[in-house]
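Lettered A, B, C and D in written order, each chain numbered from 1.
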Amino acid sequence: MSAARVGVVTFPGTLDDQDAARAVRLVGAEAVPLWHADHDLKGVDAVFLPGGFSYGDYLRCGAISRFAPLMEELIPAARAGLPVLGTCNGFQILCEAHLLPGALTRNASLHYVCRDQRVRVESTDTAWTNAFEQGQEITLPVKHGEGRYVASAETLAEIEANGQVVFRYVGGNPNGAMNDIAGIRNEAGNIVGLMPHPEHAVEELVGAPSTDGLGFFTSILKKLVNA
Amino acid sequence: MTTDSVKRAESTPDEPMPFAELGMKQDEYDRVKEILGRRPTGSELAIYSVMWSEHCSYKSSKVHLKQFATKAPKSDALLVGMGENAGVVDIGDGWAATFKIESHNHPSYVEPHQGAATGVGGIVRDIMSMGARPIAVMDALRFGGAHQDDTRRVLPGVVEGISHYGNCLGLPNIGGEVAFDPCYIGNPLVNALCVGLLRKDQIKLATAPGPGNKVVLFGASTGPDGIGGASVLASATFEDESQAKRPAVQVGDPFMEKLLIECCLELYAADVVVGIQDLGAAGVSCATTELAAKGTGGMHVDLNQVPLRDPSLRPEEILMSESQERMMAVVRPSDIPAFMAICAKWDVPATVIGEVTDTGRLVMTWHGETIVDIPPGTAADDGPVYERPFHEPAGQAALNADTPDALERPADLRATLLQLLGSPNLASKAWVTDQYDRYVRSNTVLAQPADAGMLRISEAIAGAEPTTRGIALSTDGNGRYAKLDPYAGAQLALAEAYRNVAVTGAKPLAVTNCLNFGSPEDPEVMWQFAEAVRGLADACRTLGVPVTGGNVSFYNQTGSTAIHPTPVVGVLGVIDDVAKRVPTGFVAEGLRVALLGDTAAEFGGSEWAHVAHGHLGGLPPEADLEAERSLATVLVEAARRGLLEGSHDLSDGGLAIALAEACLARGIGATVALSGEPFTDLFSESAARALVAVRPEAFDEFAALCAEHEVPCYGLGVTGGESLVVQDVLEVPVSELRDTHTGALPAIFG
Amino acid sequence: MARVIVDVMLKPEILDPQGQAIARALPRLGFSGVSAVRQGKRFEIELEGPADDAAIADVRKMAETLLANTVIEDYTVRVEA
Amino acid sequence: MARVIVDVMLKPEILDPQGQAIARALPRLGFSGVSAVRQGKRFEIELEGPADDAAIADVRKMAETLLANTVIEDYTVRVEA
């Protein structure tokens, strides 16, 4: 059987694409580079939208990227069930593209923040978190200036009621996000977005002092192999 | 509008030119006339005035900097030495590293955010122009007193600028310094370092060989950035109409720079670049003259081809513009289509603006008229050289005589420890470093608060040759030490950076430096400069690490008051197996703690004298370079054999601060005992010392290694518990250390 | 050649930490009498042609889809006098 | 209770990378006919009292010292109609 193929998208200004691809390979999957200007998903089984400053984060984070040719392919595919993970800038793009509800705004501190953050896994019922335990606390780095999750009162109530909150900050909220929300999913659970960076927590030697990020990649592998 | 063409210059030989407004001296102007055999045109004057400025020509520092070459230790590691955009060092297995530190002090005072941001941008382009992929940045910062009003304006802006630009480029920030002293009020220091990686056989140089090859300008368009002086030329002399005063501030676009990085790397990989140069200070003037001077000697440029952001720019202004995010390449005509296609892929505008010739002349045209016709080497290489007079400052002897011996010693050493630990210079810099991305690219093995930053090599470039190696980098400098004795101060700066690299297990290999001083026209400042350079060159020879490049920043003064002389030194080291890196501090319970090196009562310029008494006088600690070398040998060998669990160098604040920081690393306490006079043992700043944590069963082997290299090794105690305990002297819970250490900067800066 | 202005402000119910930080700083700087500050964005759009109804409709679409994120922001479009 | 608007824009000669990035994106999104975009900031200042001359002078000072960085930015102050 050929290895699971996970697409890793590069926009102009994407920064964590190599890191994401490395993490995909670490669990034995194939990382397929996807280029923003192509109308081509290359038949991948899942897509990782990595962090960075696509288009310089000018205007609003993710606002310009959402219109890229690749996104014209990705948006309908995701709606149809393709597993998609967006971290940081990738999360912002997913919200701007209305694949996930709400929006990400300037940190309440008004400062960029890079730190090792504890988060609690609130939903294991997704393509990207099925290898975690419900309620498990993991450590992942956050690094962003605009990561404060906001949504209207109705939306917030709805995603809480539906169990769409996937990750919550614990031990301090780095950006002032509503309800300490660090990550959410769509109703179907194939699309997940979060501010923390699993791809920086997969090796002992480098990155954050944890390898908790590996769970994301083993989750998607499990999901694809079982599918 | 009349253009001041060469023809016009020939027919109006006596027309007065505003050379003085451009900072040029009469004799320098006379030399230009002698070189050209006529008066220069406005554009030629623009070129000579910026190329012969202190910033570009090093006219006051050159005679001293020579020592870095003449005294350089023999080193097989040096692939490209001083004089290029950045030095290149062989780090083994076919890999090379290039690194350099540069100042952006004055712009960061005027507009802290943009000044600091463009400082990062500039040094990154230097590294790119060597053919390397930039892989990390560092920043060495000096501000006025932490509580001074202007510091609250400057520091947050500078940090935000570095953070925004570096983070957007996707370059991890792996270290630096933040120090405060009232001497820097009005003259903050922003020194940015970038390190890049390349294969040994892929070095690119700034040269324009091959007549017929095309000259391509690519990246951002050219606007009226940072051309203050040039507007004099463009308006006052030739035209009556008054031009708006042009801004001195350059604004950076990190997004464009990120595209430039990826674009350049793809251009290199496609082998379509013959020569390349970044555009920094002096923009097009500098790039064209330097490329032409190092190539076949001639170039023809049509200035009308330069893409402009502001169509009203005059040629003199185009030549002097410091618009950011631009590069210039020399490309074979047959490679132009491939070159342009790669630029288009990355949305990077690129334009052919000229051609390499074999005439030995740099010729530029504007609307068909020749406005520049000069031998490029005369602008790029044959600038003026000054032997500026210098003498010891009048108050130096008195300063050295005012030793800290008379200062009252503290009764309560616990209180002193907490006072120092919570003082702005020694407190946690997390308020700053939490704004920097240290993880991006996933090669960061060590970053703040480690003694040195460390990166693994193997994965740094996708698909690269595997290697187990890593590189480590540290920057250090202590203005107070250098004020007391600039010769020793420069040596101590090198010694500390060298030591910081060695404690992580990496072998120090090469040096970069940024020399921040007052006005070279002041003989007392010039003495400080001469002494610092002499000290650094001598120390490099003793330690066997060559200077590969650097930067001089003069005129850091307000009125007649100069900053403390502040040589900032960066050291790069290599670790053969990056998995054997030694983390900073105490990483486990039950480890033996030892102090390496001897302690004398050395308090001149110390943090204690500064914080407790506001005192600066006497002499700095002795720089014992032989001892530093032995210490480093032991540390690197011990790491190689896997004997060290943790380490930490001793510097500002002495053993007391080192112990506290080692406990804070993982929140693990320690119990230690002193053998000498407690105050001296705890707070002296004697150099060539380090703290190590060793597994008990490895201790004998480690002690034997120290003995073999004659490095004093004193068992102090053992790690563990919730407190730092110095028996019979003090006891502080680690949580209290933490609150004191982390609370200080947020309390000031919010 | 006309200029159209698009103002984008966070919806009133969305926290505006930038505005709040400014409002908090004002008394310290000796300014009193300000009850609230909100910070938003202003875009100046230079049109190649005149600001006729079609052009304004275009800018409005631009604001709706790109310049503002209507999940959290409101916008207004007007031709500069 | 009055509202005063402060608009802050980069000086015309200063590079506006944000505005440029937006302008470059527009054609790709199907918007034509825009020759340039500049992005600035808009502040809505709610006053406790009326927007009389003294209050406006105060806001002007606020703009000069805090809201705008006059090294690179220009500002305008106006009372909302």
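Keep in mind that, in the parts below, contacts are C-beta pairs under 8 Å (C-beta built on N, C-alpha and C of every residue); 3 or more make two chains touch, one makes a residue touch a chain.
What you see is a predicted model; the values in this text were computed from it and never measured.
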| item | value |
| --- | --- |
| Comparison of A-B and B-D by number of C-beta pairs in contact, larger one | A-B |
| Between subunit D and subunit B, distance of the C-alpha-averaged centres to the nearest whole Å | 36 |
| Gap in Å, rounded to a whole number, between the CA centres of subunit C and subunit B | 40 |
| Centre-of-Cα separation between subunit D and subunit C, whole angstrom | 9 |
| Residues of subunit D whose C-beta touches two or more other chains | 17, 21-22, 25, 29, 39 |
| Contacts with two or more other chains, residues of subunit A listed in rising order | 55-56, 58-59, 64, 67 |
| Residues of subunit B touching at least two other chains | 253, 255-256, 347 |
| Touch-based graph of the chains, sorted into line, ring, star, complete or other | other |
| Residue ranges of subunit D in contact with subunit B within the complex | 10-11, 13-17, 20-21, 24, 69, 71-72 |
| Residue ranges of subunit A in contact with subunit B within the complex | 12-13, 15-16, 18-19, 21-22, 52-53, 55-58, 111-115, 141, 143, 145, 197, 199-200, 202-203, 205-208 |
| Subunit D contact footprint on subunit B (complex, rising order) | 110-111, 114, 220, 223-225, 244, 246-247, 249-253, 255-256, 309-310, 323-324, 347 |
| Subunit B to subunit A touching residues, read off their complex | 160, 163-164, 167-170, 253-256, 258-259, 346-347, 433-445, 456, 459, 462, 578-579 |
| Complex contact set, residues of subunit C against subunit D | 1, 7-9, 19, 22, 25-26, 29, 31, 33-49, 55, 58, 61-62, 65-67 |
